[in-house]
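Going by the order they are written in, the chains are A, B, C and D; count residues from 1 in each one.
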Amino acid sequence: MTFEFHQKVLFKHCDPAGIVFFPRYFEMINDCVETYFDQVLCKPFEEIHPVGAVPTAQIQTRFSAPSRHGDHLIFRMKITKIGRSSAEYSVVASCAQEERLTSVATLVHVDSKGGPTAWPADIRKKLEAFRDDAL
Amino acid sequence: MTFEFHQKVLFKHCDPAGIVFFPRYFEMINDCVETYFDQVLCKPFEEIHPVGAVPTAQIQTRFSAPSRHGDHLIFRMKITKIGRSSAEYSVVASCAQEERLTSVATLVHVDSKGGPTAWPADIRKKLEAFRDDAL
Amino acid sequence: MTFEFHQKVLFKHCDPAGIVFFPRYFEMINDCVETYFDQVLCKPFEEIHPVGAVPTAQIQTRFSAPSRHGDHLIFRMKITKIGRSSAEYSVVASCAQEERLTSVATLVHVDSKGGPTAWPADIRKKLEAFRDDAL
Amino acid sequence: MTFEFHQKVLFKHCDPAGIVFFPRYFEMINDCVETYFDQVLCKPFEEIHPVGAVPTAQIQTRFSAPSRHGDHLIFRMKITKIGRSSAEYSVVASCAQEERLTSVATLVHVDSKGGPTAWPADIRKKLEAFRDDAL
């Protein structure tokens, strides 16, 4: 299954060159993941905190074409790997049929002290169901 | 040669978990690169715009340990490759002796229409001198 | 008439104290105004730029209670005054029945050189209709 | 006494109109206040949290002229009133001799539950000394 997250490019996202300032893309990606946890995993970030957290351990991103103010972006996210306390996702953002960025990242589930801790059973089950649908 | 950029972790950088929100790291990296262009290449971004721009084409980042409010970070940046219209840099941020993140990114020099265009001779010469010092 | 803009408090909005970092409220207010121009005035910001712009000339804000991660905020915006090239709006954000902030601001319509310039007739007409409904 | 905080206008601060996006000014003001607490009051924000916090209760700002990428801004801050658990400050930002914004805001010292609580004696003493120098 693929999770879709829609985001219009707003004034706040754009730089003097009139295109999205690249750190703003990472806010969009974070919003996409936060919405996925809320709507698909039924485990919104506000419930995970402050018992734990899901920090990003690594992220690789390629920006294939610039996005301009007013563009309607669709972020398509998939879960690609699930570890004991980690998960890898890929996300591709596009406008109409043009790809704008593709990113692969690893999240880690940590406890309140920041140490990696196994996914709770209910989250793990939903992550796996979502990933398997994507195969 | 290695360019050093200092950044204290401020209130604005931190999330409810009390650590740096990862998109904020990309703002810090952008500030580091902007300061490098200003102080080392003597070509501040405000002079490059609006004749051109130096958008980020790709960036890979690994977050090795969290940074907390008040930490004094040092970003150490090197130029690792220079193409006709592109440059690759690596940057490692650490606090005391602990590494916090390491990132490798590619910048592209574009003209006012967004198309890749060769580095001006003076910038290229300085990029090369800076890179060779790093070897 | 009152324009309503909904915004869930997301992870990116919150500070180490677990509440909305106040500069983020101004991004939300800007998003609210941008959406109002798009949906009510049918004049999205991306069409106003680069012919002109609508910078904020002044803004007064009182934060009556903190907002926490996960809160569902409703911003209720009204046009309160219309000048030749300016407009004043008020916006109140609340969660459930609790007020979180109230703000009054003045926008100025400027041309591409930044000088104040009269509202285009179509925008002015809609601003007035919207304001009159609020009386 | 007046506290001075220097901030060059960076790429990240600017919008498609090439001027500072106004919510970014509030980040700069917050950075100014945070640096004042650190350098003048010797009570950095990272020591106040998580025992307490100093949220902004209200802020009024007038933007007198736009700031452009590369401008060197100086924020001049004064403490104008001190209450049991609150403090009012004014800040004026200018570039060369041109005023860019003037802001007046009220901070409240709160405990870990968010309730107003008297300034610790050492902070209060320094706030008063700083204010009296300004008279």
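Remarks
Everything below uses one rule, namely that a residue touches a chain if its C-beta (ideal position, glycine included) is under 8 Å from a C-beta of that chain, and two chains touch if they have at least 3 such contacts.
In this text the structure is predicted, and so the values were computed from the model without any measurement.
When chain centres are set by their Cα atoms, the one at the greatest distance from chain C is B.
With each centre defined as the average position of its C-alpha atoms, the distance from chain A to chain D rounds to 34 Å. In whole angstrom, the spacing between the mean C-alpha positions of chain A and chain B is 23.
Taking the mean of the C-alpha atoms as each chain's centre, chain A and chain C sit 28 Å apart.
Within chain D, the positions touching two or more other chains are listed as 11-12, 16, 18, 21, 23, 27, 30, 49-50, 69. Judged by the touch criterion defined above, the protein chains are all mutually in contact, each touching every other. Residues 10-12, 18, 27, 30-31, 34, 44-47, 49-50, 68-70 of chain D touch chain B in their complex. Taken in their complex, chain C has these residues touching chain D: 16-17, 19, 21-24, 26-27, 30, 49-50, 53, 55-63, 66, 114. Residues 11-12, 14-16, 18, 21, 23, 69 of chain A are the ones that touch chain D when the two sit in their complex.
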